[in-house]
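In the part that follows, the structures are each spelled out as structure tokens.
Next, two complexes with subunit A in common: one pairs it with subunit B, the other with subunit C.
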Partner chain A sequence: MTFSLTLSASDLLLLLPELFLTLWLCVVLAVDFSFKRIVQEQLAYLTILGVIITLACLAWFDMTGITGTLFGKMFVVDRMAIFFKVMILLATILVILLSIDYVHRFSLFRGEYYFLVAMSALGMMFMASANDLLSLFVTLEFATFGFYVLVSYLRDDMASNEAGLKFFILGVFAAGLLAYGISLVYGETGKLVFSDMSGATPTTGLVIGFLLIFAALGFKIGAVPFHSWIPDTYHGAPTPVTAFLSIAPKVAAFAILLRLFLVALATFKPAWALLIVAASILSMTYGNIVAIAQRNIKRLLAYSGIAQVGNVLIGLAAGTKMGTDSILFYLLTYLFANLGAFAVIMAISNSVGSDEIDDYRGLNRRSPFLAFAMLIFLLSLAGVPPLAGFIGKLYIFVAAIKEGLYILITVGLVNIVVSMYYYLIVVKKMYINEPLDSSPIKTTGPLRAVIYVGLAGTLVIGIYPQPFLDWAVAATLMFSNLIGPAASLTPPVTPFGS
Partner chain B sequence: MAEYTLLIILFAPFLGALGLIFVSNRQVSLVRGIAAGSAFVSLAASVYLFYAYDSVKGGYQFIQRIEWSRQLGISLHLGVDGIGTPLVLASGILLFAGIFVSWHIKDRMKEFYIWILILAAATIGVFMSLDLFFLYFFYEMSVIPMYLLLGMWGSHTKKYLEMTDPEGLKQRDSVGFIFNFGANSKEYAAMKLVLFLSAFAVAALMGILLIYKFSGLNTFDILILREKAHFSGPLATLIWLLIFFGFASIAPIWPLHSWSPVGHAAAPAATSMLHAGVLMKLGHFSIIRVAFEILPETTRELMPIAAVLCIFSIIYGGLVAYYAKDTKYVIGYSSSSHMGYVFLGMAALDYISLSGAVIYMFAHAMATGMLFAMAGWVYDQTHTRDIPSLGGLSNRMPFISAAFVIGCMASIGMPGTVNFIAEVMIIVGSWNKYPFQVVVAVLGIVLTMAYLFKMMRGLFYGSMAEKYSHSHDAVAVVDRMPLLIMITVSISFGIFPGHLYSVVRSGVDPLIARITKVVPVAELPMNIPQASSHTMPVPAPGEAIAKVTSR
Partner chain C sequence: MLEEFSFGFPILSYLIFLPLVGAAVLWLIDDEDLLKSTTLGITLVELALACLVLVRFVPDSAAMQFAEHARWMPALGIGYHLAVDGISVLFVGLTAFLTVLVVIYSWDTIRNQVRLYFMALLALETTTIGIFVSIDLILFFVFWELMLIPSYFLIKLWGGGADRHYAALKYVLYTLLGSVFMLVGIALLDINYHQWAVTHHMDHVYSFDLLELLSVPIPLSQQILIFWLMFMGFAFKAPVFPFHTWLPDALVEGPIGMAVMLAGMKLGTYGFLRFTFPLVPDASKSEGVVAIVMVLALTAILYGAVVALVQSDFKRLLAFSSISHLGFVVVGLFALNFQGLQGSLLTMINLGFSTAGLFFMAGFLSTRQQSSQLSSFGGFAKQAPLLATFLLLIGMASIGLPGTNGFVGEFLILLGAFKAKWWFGAVAVLGVIFGAAYFLWYYERAMLGPLSKQVSAAVKDLHMREITIALSLSIMILWIGLYPSPFLRMMNGSIQALVDRLDRAKVASVDTVTHVPAK
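Right, the complex of A and B next:
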């Protein structure tokens, strides 16, 4: 295999969003170093500006249909990659907005916080485009690198340090597994690019190799049994970082999982489907049951996140075009609800100084807006109509039932009810219990903006999902050769007219 | 304009709720005005719907179809038949009455009206959905507001108040606490209600997903599924059981009823009215709409299950109501007992009995709405629901006690109220098939008299405790109007049932014809679509060819 590293203008075009963001990050750092007295808000908005321009560039790609591969297929720009990148950048913008008030808690704050956030986002953008085992490893580590620092950013806080250490040690261990898995797979097949592997014969080494790779990716998405770092890390990390960690790496890792399982391993679907089914059932059940016992809202969302990943894995287990559509759509709904919930948590933690669920007592009397927003986000996570989460869950179930995954769906449905219990306990504290301290809670502009975006996303997708469904469906056209749902086989149904 | 009637009925409360979000809680009259206004628009449109529904033509009318998701085959497909129309009307009446019943709520009035409007609109949405997805969508959507309504504005039971410290910190949150009678907090009641209903709702959702998969039509549209989907064998049985028990839990049929009296008791008056009046009917209605329409043969085979369970509902509910000491528990158990009559009418699968069941749903909505409204009034005045400590209130509240007598008469099924007509139809219609059940049902009526008269005596007659001498009667127009509306509806349809009957009959006839006359599955020649009922339009050419599932 030979790499041609001569880049033509059209090749550079494909890299434009990443290149631009890289340059912009340098600008952010340079501005930070050059102007000692710069207000940190301005730095935040400067970073956001860069991310927005990158988003615009991606939107332009999506509309004009610019796609292609680079570096001997290592780096691919297709509509799915663009979809994932848009989600990652959206999460980045919201997380930077969340951080603006929080960074005052950091001792010795410098602008590198925003640099690190955006750099992680850059790494995850590369993850969304990774198309072979080498780029998988490099981009995964690139993306995680920034998080190692971000998680332990509260230097004087023991919990934050513990979180950082735990995340680092387990992360490095996962990286080791990943490297070992990649070497085994390469040794068995002699191939690195996903799409070249589809014809490989399954040998013991290959199976072990892929299991190791799955373990490393399972670590990223926090699926059971690779979840052990999640609760402590979420709990200890600075809240905006937790919010970022709860959505962006998962989104990026799912991009890789989709390419790995549905492109490289498409022919072995019966074998890996069992693996995914097991991981999904374990994640949903474990996450939801343990979440019931939580007294801290960040830990609650950590466990609920494990359960949500289990839900997304149902779509992967379906392994069809519709399954991938449903994964993309679900992640989008999860993004809005989850980041919105974290924005409310931060607003409360800023004025109450605690993340304990008991301190949410009487929130409805202290701040009706925050309570309402939290209600909407939690119910969306639980999957209650007419909110986005319900459509996401239903889409996944429909995709799965077409593949006959009855047990998985039954477990998923039962878990909806279980999850409803602990979300409603939070609702109970907010709405039914009387506040111990009835002083009103103030929210700042940036947090409010995030909450509004979350509410708009959750409600609009819930009430009128068609454009978002269309977008997800268009993004995964590359998978339409998979054994698709029966939709394409039967003639369109014309309804009884009025 | 006329073709948008359903959209107006459905979206007026939603828009009202949306509008209320932007109003401050301090503008009391504006809050009340928006709530009452949107409820009135909805009510007026549903009255129009009821009289404009063409019972000669029958079938589904006022159809609206808005595509919602191509990928999933979902459209917002609305339409009513003779069964949905009276239930939409009942929801409209109870919502409007409920707004006035809760006129004096002081705590967070705006939020109360928002949730009650969403609750009613979601209920109405179920009654007019012709799409399985939206049926479930509205069904589940109606459950969540109940949690907040019960939790925020509900009341604890007497036993619970006696056993906890005054701050109410010792709450019953645990899920395992299911069989706890008589000593529950409102939080417990709310959580139990939501978890119970959601658990069974997801069972129904599983049934819906199975219908979606095995019909092979890639649509959730009930009208298409009823024509072209065909299920047989163990699969049909499984789907039917999932659908039946999933929806029967809200009805509530006997072994699944325990959430219901607890929930009714904890709820504020207007919520109990809507809950017992229309929310419970979602169960029967959804069974009729999904199981009867899509799985007619299986319904014929398995409906005897309902005939067995309804006996337990009637007798058990009646007996517990007789011994209960809490006004709302009595009415709650009486409701769950009376829902047994509806199941009996449905189980007999007869033109008369099913029509009776549908009319009974309407009639019961009015009767139980009145009783809950008045129990709420008594609670507001005396702050207790404990019957033994009350008594002699007729001195203080002559209007309420007179209305209560009428409510009890309606609930018993006194001639002159619409309940009488419904009960007679159920009893006459089921006699041929289920004589034993009919005997039980008649005994159940006697039992109803016993517990309602007992409660009436306990509340309004006898000697009055001194501390209640400051309680007030309903004097203002806003307080009397909701009761008068329900009494008027109950009596006027009792005396002139003609239009109600013909509307219901036009919905029931094709359904029963379909269930009783279709050829059993085994005798059908292969690949021939199932016989369609006479009221449905013939499918236009170019539609999907019927697919007979053989799996």
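Right, the complex of A and C next:
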């Protein structure tokens, strides 16, 4: 395999968003070091400015249709990559806004916090573009390094340290699996790029290799049985980091999963579909059932997040163009509802100092706005129409029914009812129970901004989803050419003999 | 059936969204009296709009009238499609009518969180009207699910019983369980349409529009599957025996206003007429399906009536009589002939007046004795003659005495049932006898005889607002009872079209493959 590093200006153009963000991060770091007295809020807004410019750049890519590959297909820019990057950057902006009040709780290195958040985002942007096994490994680790530090950022808090340690050990373990899996796959096929692998014959080594890679990615998305780090890590990590962790790495990992399964493994769809179905059923059922017993809202969202990943996997199990559309769309709806819910959690935590669900009693009396926002977010997560989550679930279910995955659908539907139960418990505490302490809860500007964005996203996507659907459909359009032959190789099980 | 009329302005959208806008307006009002009168004003305007629809509705027509059509999510084939026909138009009027009465009833019976209560009530009206006028199945589903949220709060926050938290949660989870199955059925219809479209005009289109789905044939085996999936949704909501256990809890524990809306709006059975029968006619009339559903419905009639007989709490009695009445409605539906369907539809409307009316009565009783338990009453007619008179009249309608609306509906259902199979009718008649027994027995013990010690002399008869409610219900009961033809004429066209479709299905089911699409 020859590898040349002759880059032209037009090649670099494809890397522009990443290059710009890298430079901007250096500037942020330099500003932090040079001006000792700089207010950390200003650093936050400086970082956000950089992320927004990067977003604008991506929007320009999307509109002008700039696409291509770099470094011998290692790095790909297509509309799907852009979709995922936009989601990651949106999440980053919202998380930075969430952090502004929280950062005061850190005793040291407040400025570096923003740098680390944005650096993780940068790593995840690369993940969205990863198109071969090497870049898969490098970008995944790049993105995770930032999180290792961020999770244990509350130095004096035992829970945060524990969370950091667990996350680190399991993360490194997953990295080991990934490296081993990659070496097996490369050894069997001699190929690194996903699209070159599609014709490979399945050998034992190849199967084991892919299983290992799937396990490593399973850790990132938190699917059962690779979920064990999630509850403690979510619980112990600083809340904004939990919020970030609950959406961005999952989004990025799904970008890789889509490319891996629908490009490299397209021909083995009947084989891996079973694997995904199993992971999906386990994730939904386990996540929802355990969520019922939770007393801490962060843990509740951790388990509900496991269940939500199970839902997304339904789309992957369908393995069609429609399935991928639905995954993209679902992740988008999940982003708004989840980060909105975390914003409410932070507002309450800042004023009450606790994340126990019992402290949500009578929230409606203390802050009708927060209670209403939380209601909308939880109902969207549960999939109640006409909120965004409903359209997302509907889309995924339609895609799966089309492939005849009836058992999976039945389990998914029963799980919706189960999840409604624990979401309603929170709703009940907020609206029905008397408050223990009736002092009103104050929210600060940045938190309000995140809640407004979350509400707007949840309501607008729910009521008028068409542009977002179109965007998701267009994002996988390029991609459907890649999986096109696969679809004809494995004709979908049609429920109706036409 | 596929014809459509439009009206000059989007009156159905106004009907849906007026209460919702009204609920938002209530947010701005602080004064309690102004709050109540605003709500009353909104619901009266809504009623006027509904009456306009009823007056301008062309009777004896199967057409979809007042249609509004807009694209919503073309990628998924979801449209904003509203219309009414003979099946749904009366429900729109009924919803608007009952909401006004509930507002009047709640005037002085709701004392805490008044603003939130009326907001929830208006939201409930929006979703209920939405359910009745939606032609797009997803739009319908959206309102169907959305209805749970105001209902949940209404039962939970203003319910009287100690178990209202349990009842509210049970109601939501049960209905949700049913409706997720229904959603699968809806998705199957969509995919069937898609595949048919792909093979016929080589076009990747999806549709959840009832009228478009009707134009596509569905193989019998798929129809059966879709039937049972949709059946789950509608049976849980109706509720059809044995999915009824949430109903007594929700009706008894919830506030009267919620009980009126829940017992008065036969959403589940409406679903059968609106969606199940036209969409899957072959399955609806296949022998196995009819047999199973009939057995369930007949069981419900007898079970509900017998259990009602031994209740000492009036609200609980009404809940079980509701289950029994729903059994009647289902028997009429699955008789699958003109009389049966027409009788069922009319009975659904009738129950909106009589059962809902009896719940108002239960409310009047409870406000006087703080309970609807039999032990608190006895000889009550002496103390409150007006109340006793209205209770008797509305009760007679519920029994189905000639001259009241209940008679017309029940008679048609029995006629249809006998025509379908004699023993359907024979068993159903038993229900009528039991129905008379449980109501009259209760009435005798509670109202007649010597004045009980429990009843204090200070108990007053009905006051103006209560008389307004009772009187307007009585007028409707007697109107339909004595001169039903305007109401029957409104439904005739659509019912006839539905019967034709079902009959055509019989011919086609011999050779399903060549089933001729309606369009």
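Keep in mind that, in the parts below, the second predicted complex is superposed on the first by the 477 of 498 C-alpha atoms of A that agree within 3 Å, B and C clash if a C-alpha of one lies under 4 Å from a C-alpha of the other, contacts with A are read in each partner's own complex, and residues count from 1 in each chain.
Operating definition for what follows: a contact is a pair of C-beta atoms (placed from the backbone, for glycine too) under 8 Å apart; a residue touches a chain by one contact, two chains touch by 3 or more.
Bear in mind that the values here come from a model prediction, so they are computed numbers and not experimental data.
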Exercise for review: Quick one: classify A:Pro385 as touching subunit B (first), subunit C (second), both or neither.
Suggested key: both
Exercise for review: State whether subunit B or subunit C is in contact with more residues of subunit A in the superposed arrangement.
Suggested key: B
**Study point:** Partner chain(s) touched by A:Pro270 [first = subunit B, second = subunit C, both, neither]
**Key:** neither
Practice item. State whether A:Leu394 touches subunit B only (first), subunit C only (second), both chains, or neither. Key: both
Point to revise | subunit B/subunit C common contact set on subunit A | key: 379, 384-386, 390, 394-395, 397-398, 401-402, 409-410, 413-414, 416-417, 420-421, 424, 428, 431-432, 464-466, 469-470, 473, 494-498
Point to revise | In the complex with subunit B, residue positions of subunit A that touch it | key: 322, 325, 364, 368, 379, 384-386, 390, 394-395, 397-398, 401-402, 404, 409-410, 413-414, 416-417, 420-421, 424-425, 427-428, 431-432, 464-466, 469-470, 473, 485-487, 490-498
Revision key, fill the gap. Interface with subunit A, subunit B side, in the complex: residues 3, 63-65, 67-73, 75, 77, 108, 111, 133, 136-138, 140-141, 144, 147-148, 151-152, 173, 175, 186-187, 190-191, 194-195, 198-199, 202-203, 205-206, 209-210, 212-213, 216-219, 221, 223-224, 537, 539-540, 542-545, 547
Practice item. Within their complex, state which residues of subunit C touch subunit A. Key: 71-76, 138, 141-142, 145-146, 148-149, 152-153, 156-157, 165, 169, 172-173, 176-177, 180-181, 183-184, 187-188, 190-192, 194-196, 198-199, 206, 218-219, 222
Practice item. Flag every residue of subunit A that touches subunit C in the complex, lowest number first. Key: 379, 384-386, 390-391, 394-395, 397-398, 401-402, 409-410, 413-414, 416-417, 420-421, 424, 428, 431-432, 464-466, 469-470, 473, 494-498
